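After this come two complexes, each holding chain A, first together with chain B and then together with chain C.
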Partner chain A sequence: MKDLNKIPKSNEDLAWRRIDREVVILQFDGAPDEREKILILNETAAMIWELIDGKNKVKDVIDKLLSEYEVSEEDVCKKITKLMNKFEKKGLITYTVA
Partner chain B sequence: MGEKTKGRKFVLRQTGKKVSSFKKNSAFITNLGKLKIKWVLDDSRIKENLQNYYKDFIIPLNNNYEVLLEVKSKYPQIASKVNFFLKTDAWDYGERNNKRYLHFFHTRNSLMEFSSDFSKIKLWSKEHWREVFTHLSSDLLYTLLLPQFKGIFLHASAIKINKRIFVCIAPSGGGKSTMAKLALLKNFAVLNDERIILRKVKDKYIVFGNPWHGKMPQTSPEFGEVKEVFFLKKANRNYGRKMNKKEMALRILEDSMYLDEDKKTFKKVFEIAFDAGNNIDAYILEFRPDLDIWGYLDERFKQNS
Partner chain C sequence: MKQADLQTYLLKNAAEKLIPLHCLFELTYRCNLNCLYCYITKNKKKELEKEKVFGILRQLKEAGCFYLTFSGGEPLIRKDFFEIADYARKLKFALRIFTNATLVNESIADKLGNLKPISVEISLCGFKDMHEEMTRVKNSFDKTVKAIRLLRERNVEVLVKMTLTKQNVSQVWKLKRFVKKELGVKWRGIGGNFLVSPCDDGNKRPLQYRLTDEQLKKYIKEEKEEFRSVGKEYKPGKVKKNDILCGAGRSGCNITPSGELNPCAQIRLKKNCLNGHNLSDVWQYHPELNYIRSLRVKDLSECRKCELLSYCFYCPGIARLEQGSFLSKLPEACRLAKIRKEIYSEVNDGQKE
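== the complex of A and B ==
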């Protein structure tokens, strides 16, 4: 995975809360008459989401998951890449460079 | 020796001083949902009507307050550059320079301006009672204010039995008023049969009565900590099933009152609903609409009292 040093940050326009093992995200699309969206992240995605704090690099998120789960680094990298791409595509996160 | 001039001002010829007849600053404080609003009015006639309306919720003037609401009996200068992003057939709601505005235009123009933190409100209106204050009194003001102070309005009835509060949430026709009627038959206090204030006060979730009732006019200024809420379902039996927290929080959000288009406030409502979901137990309560429900609730939830 490229750019492991980039830092993901959640969009300031949204609100979110952890509830039980999931995270629920409230997202507005931007236009005044656009309905809000509610997105629900499962346990793994919720864990990753909570690590996106504007300080952790992508590499830090990978390391954290490796310490929590007994999976290969390759698998973790794939999962995180896929998820972060999804988050970015949905406008939930942006990146800064360390 | 006064001479009645145009409007309501009297001029004393001897001294040349202007004396207002009705226009005296009058003030009172309402305490609803432990949110204290100090109303300052320049027309004492409005004060009498408002005080009568809020009679169960008025506290002495020497109390502190969170919100100052000044009412000025004059036509407003409508801020022409306000972005009114929510328009109804009775009022518009908008924003300019971090302030929020409510413009009532039905019969006489009235304008309400909210400071950015909602702690200061100004209302310019020539209305003595009807249009503007009916809209405000109906719940609009508190719908806007409560989320700024960690509270929400819920479509729910609430009943106080001894020290316990039972909150019953349901859509229209779902049984909220039925539960309230059944409560009155047992002389339990009904805080409200249609909407309640839920507010986090010092780490506890407290439910408050208010004057804006539904089908049943009985309301109460009582309040109490809520530890469980019940989502009602009319049935042929009395049975409670616990809900998961996410389901509960989403339902609380769905049953909260807020202005959709006001995204800043909706974010706050979302956070409050989910914080409540994390801290309050919730049940789907199938209930048979008769007095047996109270025995069932007492038995079923005895261990939680």
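== the complex of A and C ==
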């Protein structure tokens, strides 16, 4: 992760919902025939998604995960970097700088 | 997983865990049209105030509801519609709006576009004369068509649908082409598997508009050809005796303008008012809801061994409205299944397969 002080923010146009242990995200701004795209996040990814509230910095997300799970900081950083990159690539999040 | 598989997974998961994934929220029964086949019984119960609607939306969110459809009556008739819809989007619902669109001008089209709904679904009953004969309001066709164009210009996903009746069935394919080519929006199709519903109080007045046998046969033959022209083939479903009879009350729910919770718009429960009651409690423990959830195909004592079962779109809600019980034999479903089987087991030269 290049900058842990960046603040990830979810795209305002998305619809999403926690359903039981998962989070379902719906994108609907694509080409006419593929407007509705569903993405289902597993338990860990769902927890990270809910921490992306436009206020938490990346490092806050990492700290909160470290306080919840018995995992190394290195593993959490790797996991979050991978996931945030995926979210950004899919247009689910953007970053602002604190 | 493919998108279709994800949808199936979501629905199956919701049905198993009794999560009201879909909600049809009727915001008002007031309407500026007067459609011949409308199933809504207007009553004098007070409409929920905006703050109470907000409260129910928050409870729906907590219960796991994701797909929210605002319907009516005509939902845009409510002066606070956009406050409610904006709030729903803040709660991150995936929003659909069912409207006749006659109230949509440029400013309202802008607001609808800004809401980013998944879709706006609009009914046309046919071309101008037919549409206005059925809506019983002059110039309603022109207003709706103008609105569709305004929404399309704003990149809103518009789906046009049609309730098929004996008056308008002759216009269906021409209307479909008009919608796709002239209006440039999607054709959602005909509603309700031909089952024009009785009114929600059991009044059977709308049933006089159902298609005749001859009209149904002609339509289903044309539909079969339409499917074939795009490489699709209708396949009868495989029905097992332990299959649930209906998904209503499992993954889908309905809220009325006065704040009553139902499994769907065809099944109005008693003692279901949310005023002062927690939505999840009513949803989980309402005895009639649990009875509906318990129903299986094998409980249809008159139908369970019927050879038409795999062609049958049985609706327990309409069965109760028409015949008095969720499990009553529904003659209209039998008629449709018989015709569907007859047409779909024919090969092109008219011989049976």
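Of note:
The definition used in the following text is that the second predicted complex is superposed on the first by the 92 of 98 C-alpha atoms of A that agree within 3 Å, B and C clash if a C-alpha of one lies under 4 Å from a C-alpha of the other, contacts with A are read in each partner's own complex, and residues count from 1 in each chain.
One rule holds for everything that comes next: a residue touches a chain if its C-beta (ideal position, glycine included) is under 8 Å from a C-beta of that chain, and two chains touch if they have at least 3 such contacts.
Small disclaimer: the values here were computed from a predicted structure and weren't measured.
Superimposing the complexes on chain A yields a three-chain arrangement in which chain B and chain C clash. With both structures placed on the common chain, the touch criterion links A:45 to neither chain B nor chain C. In the superposition on chain A, A:77 contacts neither chain B nor chain C. Once the two complexes are overlaid on the shared chain, A:37 sits against chain C while remaining clear of chain B.
Once chain A of one complex is fitted onto chain A of the other, the partner contacts of A:19 extend to both chain B and chain C.
Contacts of A:28 after superposition: both chain B and chain C are touched. Residue overlap on chain A between the chain B contacts of one complex and the chain C contacts of the other covers 13, 15, 17, 19-20, 24, 26, 28, 32, 35-36, 38, 40. Every residue of chain A that touches chain C in the complex is listed here, in rising order: 13-20, 24, 26, 28-29, 32, 35-38, 40.
Contact residues on chain C toward chain A in their complex (touch as defined above): 3, 6-7, 9-10, 13-14, 17, 19, 21, 61, 64-66, 89, 92-95, 116, 118, 157.
Of all residues in chain B, only 85, 244-246, 249-250, 260-261, 263, 266-267, 270-271, 274-275, 277-278 touch chain A in the complex they form. Interface of chain A with chain B (complex): residues 13, 15, 17, 19-20, 22, 24, 26, 28, 32-33, 35-36, 38, 40.
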